[in-house]
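A, B, C and D are the chain letters, set down in written order, and residue numbers restart from 1 in every chain.
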Amino acid sequence: MAGRNHLYVPGPTNVPNEILNAMHVAMEDHRSPVFPNLMKPLLQDLKLIFRTEAGQAFVFPATGTAGWEIALTNCLNPGDKVLIYRFGQFGHLWAELAKRLGFDVEIHQVEWGKGIPVDHLEARLKEDKSHEIKAFLATHNETATGVTSDIAGVRKAMDAASHPALLFVDGVSSIASIDFRMDEWDVDGAISGSQKGFMLPAGGAFVAFSQKAMKATETSSYSRGFFDLKDMANSNKDGYTPYTPSIPMLYGLRKALDLLLEEGLDNVYARHARLAEGTRKAVAAWGLKQCAHPGFESNTVTAVMVPADKDARHVISTAFSKYNISLGAGLSELAGKAFRIGHVGDMNDVSMLGAIAGVEMALLDNGFDIKAGSGVGAAVEYYRSTAK
Amino acid sequence: MAGRNHLYVPGPTNVPNEILNAMHVAMEDHRSPVFPNLMKPLLQDLKLIFRTEAGQAFVFPATGTAGWEIALTNCLNPGDKVLIYRFGQFGHLWAELAKRLGFDVEIHQVEWGKGIPVDHLEARLKEDKSHEIKAFLATHNETATGVTSDIAGVRKAMDAASHPALLFVDGVSSIASIDFRMDEWDVDGAISGSQKGFMLPAGGAFVAFSQKAMKATETSSYSRGFFDLKDMANSNKDGYTPYTPSIPMLYGLRKALDLLLEEGLDNVYARHARLAEGTRKAVAAWGLKQCAHPGFESNTVTAVMVPADKDARHVISTAFSKYNISLGAGLSELAGKAFRIGHVGDMNDVSMLGAIAGVEMALLDNGFDIKAGSGVGAAVEYYRSTAK
Amino acid sequence: MAGRNHLYVPGPTNVPNEILNAMHVAMEDHRSPVFPNLMKPLLQDLKLIFRTEAGQAFVFPATGTAGWEIALTNCLNPGDKVLIYRFGQFGHLWAELAKRLGFDVEIHQVEWGKGIPVDHLEARLKEDKSHEIKAFLATHNETATGVTSDIAGVRKAMDAASHPALLFVDGVSSIASIDFRMDEWDVDGAISGSQKGFMLPAGGAFVAFSQKAMKATETSSYSRGFFDLKDMANSNKDGYTPYTPSIPMLYGLRKALDLLLEEGLDNVYARHARLAEGTRKAVAAWGLKQCAHPGFESNTVTAVMVPADKDARHVISTAFSKYNISLGAGLSELAGKAFRIGHVGDMNDVSMLGAIAGVEMALLDNGFDIKAGSGVGAAVEYYRSTAK
Amino acid sequence: MAGRNHLYVPGPTNVPNEILNAMHVAMEDHRSPVFPNLMKPLLQDLKLIFRTEAGQAFVFPATGTAGWEIALTNCLNPGDKVLIYRFGQFGHLWAELAKRLGFDVEIHQVEWGKGIPVDHLEARLKEDKSHEIKAFLATHNETATGVTSDIAGVRKAMDAASHPALLFVDGVSSIASIDFRMDEWDVDGAISGSQKGFMLPAGGAFVAFSQKAMKATETSSYSRGFFDLKDMANSNKDGYTPYTPSIPMLYGLRKALDLLLEEGLDNVYARHARLAEGTRKAVAAWGLKQCAHPGFESNTVTAVMVPADKDARHVISTAFSKYNISLGAGLSELAGKAFRIGHVGDMNDVSMLGAIAGVEMALLDNGFDIKAGSGVGAAVEYYRSTAK
């Protein structure tokens, strides 16, 4: 198919050519005396993205899914109770992983489209007088529904309940694109991955842990191997790794950090907010609904609901096969009911207008009652009136 | 500026990542026994793009401008009369180059927006009973005005006049994107460059000559050095070059040929025709005029005229600085009066919709009386109704 | 430092430019309908490298170390007894990992420089009448000592003892460079990594399991998450993955497989054998000893012992800082006593001669009593007399 | 053939991966307002390599051969007399080009192996009382014979004769690797190319002209088109080019300049001198002779003579087909009599030792009476005793 693929899945995201070039490097001896010159500032600067000074950041050669496991198995003990709200496929998978790993997982169902109910959380934690709950697992941005939860509110609820549980946050699709403040919100384990806001290929689990979490690793009796945080911390101290690292991933991350820090994190967040709002204007102009309820809209991905008589899979399939545009599918409960437009990573206004126009074509082709140009027109108006 | 630059100038065009990768190669000995394994099929397959069997194709490490010079200085004698119609900046430059090179250049002015007047040409050639005109210089696609001339008609006119002049065609912005038939149209010198339909960086002058033109090189007394066709032909015969070639350009061309031939030239032409027509629908929906008169519209670039009270340079400048979208400027007589949208090379529907939406924003910002979404809507309708 | 770094550590190895280019790709939707067109043949062809038809091959976004864990935790039950011979740092680390993961690890010390004592193994397995030993962990190529063990002999010993233990083989630094035959040797778990013979960056754990091992996963009660083989197998069945894969790693592997299969595995093995033998000739000419005892010499890495009055670390440090050549350090018990020359991956005769000459300079600089040119001369004679 | 090709032709030279990456860029509008931010400092810094403050540097999308033509056709008038000494194939070609271009070329034959005879030059210029000689064409480094001429001596001779001829220097294989001082030596036209010391692919003619030469362009009546220096200078003034530039070449040059200036030109020269001297030690150890007579040895290429009963082409062919090492052939008069080892560009000690060892193998294979390791041993001793 001629011309490039237009990628708007919410991960993996488009990797800028500068980053791909940075990854196109000769291998090198990861035990050389100069290797720490790469590694040490990298881990230091990675902390800036997590917005932590007190915590420690790590790079594992794995994915965000592994990040979930790293947090659980290093800071908790087998059978520990953990609490999670389930309001999307990725929260669901995290809960399932925790169950499989032998934890006692208390799952509360929340309507898909909403995020963490902080009042309920506060009440539940207050109830837990004996502090049986050892960790609260919070999905900051649920990629499946396009829902962002209020982590500041989560912290407030935990504090209000004076509950000592560790706070683990899945920030795979938020960190480096949506406002995230590890220290300010007292997050104990922040989990991200390379393939979303970091604009890298998958293959990097980027995680950060508070001192409280690091302390917990010392008493954890969970059996760990590859994902042992203490081994990683020990090697990292001198700028090395416990096993062969992915050299391209490290150089790619170096470039990604440079790009993010050069733009400025607040500008990165603001850009994503604008890109998302323009997309939402288009969705509204089409007369379609988002999966996310008001107040929960994500700035990295918009899940668009289709009317009951339509199948979102057809929209995605038309977009892909006829127009070479890749959209995210509705997952699990949302299969066929929603399609998702990713607006995360290396994107700007014109990128999103291409996406929106492409979606319009696929909607029209599938008999949606919309006016050609309506969505794009709404986005055009929004972007141009808010651009600097 | 975050996000990628959206490039819609009519050259250099977007180079597909496959081609950039193909150019990312180790250097090699251009006198090795295996070098001809690259070179010989390359020159052979390049002929397929020119649609010539009888002619010979060449790659010079230079640009399309050099191609003009190669044709003139190898096939003509100093002071020879050449005929050209001037209806845009690139025809103008070719005529100027011919003058500087010491040829007797007969220039006929044609309104910018129109192409070669084949009836006038026929009359003029009939007049030239003594065959003083040694070559006719035809700009197939005038990139400055978005005008395509009728080369089949040119040949018909020449034949009707039974005129033996050589036919040199500037196909820099047509060959490999707009229908071009060297053998069928009896073109003697076809000149193209790497940076348009070939989807390569600039730095390659791709030219092809008929046997008649090759024969003319034997008697030409023009002083030549770097651009000597006989030297090139002699070295090429064995699969070598008279001086060090650009290894990346050769491997890049190899990949470009593979991509073009895989898509199929007729499909390439049809794709450009569709992309162009969608763009023209948008222009019409905005109520703006093209520079090209009906029947002359180019499928690789559209020059859009702005009303007298507007300056097209502001549109271009807004597009670039506010939206990171690069448009072509109006050149020379068209400076300030037109902007140009390139739709040539590695493009598809969604690429063009991004361009059109970006232009809409810049037009609105500059006070053009258009409706947001109108241009994109028209293109959306056209593209989706004609896509396979 | 001017000029390129000359990399002769036994991993990560030099990645050919073709592979780095293959990894320089746009991201794509890993849930698209065309993704299996990449994934399915990839896993199929990966089996060819393991030389298995009956088994199943997998790609995890992790490293060889993770491969050890994948084999243990998927096919065994917590507390199961496993048997291992420890004769180098990597065998040591595998044993340690198994202990940490809660297995009952029976470790037999073997002199570093020797490999698996197959007679002892047979005797030990015969002793284990009740079949308490559930798996035997065999380090095919011990990268730390440059020692290759006889896996065919291991299988013979196991068969002689009619012992049903699973046979797990660490082939990280052997598979794709040293003769390895999964089916013929009835290997149950073969573990490799991307960064040695596969000529890729680290970040890929390539593993293959026999049907017997796959069956064992069904009854394993070990808690697994990220490394769950059943999840991977389920997704792979349809050409997908349970979580976001590293797109560049997959395309890189595709290219690596193409290169390996084009050369032919037997030719790959023969090339490594020649490169290794030339290196050994040089070591002998210097009057130095290898760590590997006769019969155990590895074809991917040679560990060279230095006399008692010398420190191998100085050789490595001179080589690196003065000549930009990277050698492997002696690890653990061998620290300071040995340096290692990797001859694995994208190497040929001239590559090795550069390495050997570089080592000569570093040896002379450190007061070793050798003659300049002696090692290279020996290798020159060997290579030229055996080259085709 | 497995493993990489080892390239030791004296151009194109090995392009460092950083430069290839710098050339792997998206195209951009060469008429954009930010384009001069790239172009202006590039041309300014290029002057540093020519060691000129007073002169002006230019980048033409062509090759060094075109550089010869640019100097001749822009600064001279048709039929002007030029003087040249012919002592190698490239001087020969320059003289031939000048003849074809219609100049009156006075050629003096010099034994191949020697360089410009400055005493003879002084005498000849003194003879030319009427200053008929308008330019002296000096080949700084004759790539065919591995001979470097004394340009400071040339200037002294010209001054001693008080001769006003322009001094044009072919520095294609010297500039950026061998000491060259445009201002100090009053060079009027310095001609180089991208594919030698600049470590770029071919495709860039890098030239610099003195103010005297620039002044001469104003009165030159030679017919020029593509290579017109005034057009280029006019466009360059504002940071633009008269026709589409090769974007990758410009970014590649940017990186090359950064690398050269970071290393420091004097260090670059010293490195080449060391690399050359080591190569010469090896040649001497083999008992072979260089083409270059004492005092004329080049630091970028060594032409090695073979005994009368040997054919150098067989050495080159064995090296290439058996060992994947590319050597330069003897050209023209030297065909079969010499092979050439390039030591120019991105090279260091270990690179050269690989080359020398490779040549040893090819010599032995072809029955040369040399001792394996002798050449490498001599180079090892030299490099290690002179390395920092």
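Here is the rule we go by: a residue touches a chain if its C-beta (ideal position, glycine included) is under 8 Å from a C-beta of that chain, and two chains touch if they have at least 3 such contacts.
The model shown is predicted, which means the values in this text are computed figures rather than measured ones.
Comparing chain pairs A-C and B-C by the number of C-beta pairs in contact, the larger count belongs to A-C. Among the remaining chains, A is positioned farthest from chain D, on the basis of C-alpha centroids. With centres set at the average Cα position, the gap from chain A to chain C is 34 Å. In terms of their C-alpha centroids, the spacing between chain A and chain B amounts to 45 Å. The geometric centre of chain B is 54 Å away from that of chain C, both derived from CA atoms.
Within chain D, contacts with two or more other chains are made by residues 4, 14, 17, 21, 24-26.
Those residues of chain A that touch chain D in the complex are listed here as 17, 21-22, 24-26. Residues of chain C touching chain A in their complex: 4-5, 7, 9, 11-15, 20-21, 23-33, 61-66, 68-69, 78, 97, 100-102, 193, 195, 201-203, 223-228, 242-249, 317, 320-321, 326, 328-329.
Of all residues in chain A, those touching chain B in their complex are 1-4, 6, 14, 16-17, 24, 263, 267-268, 271, 322-325, 346-351, 353-358, 360-361, 364-365, 371-381, 383-384, 387-388.
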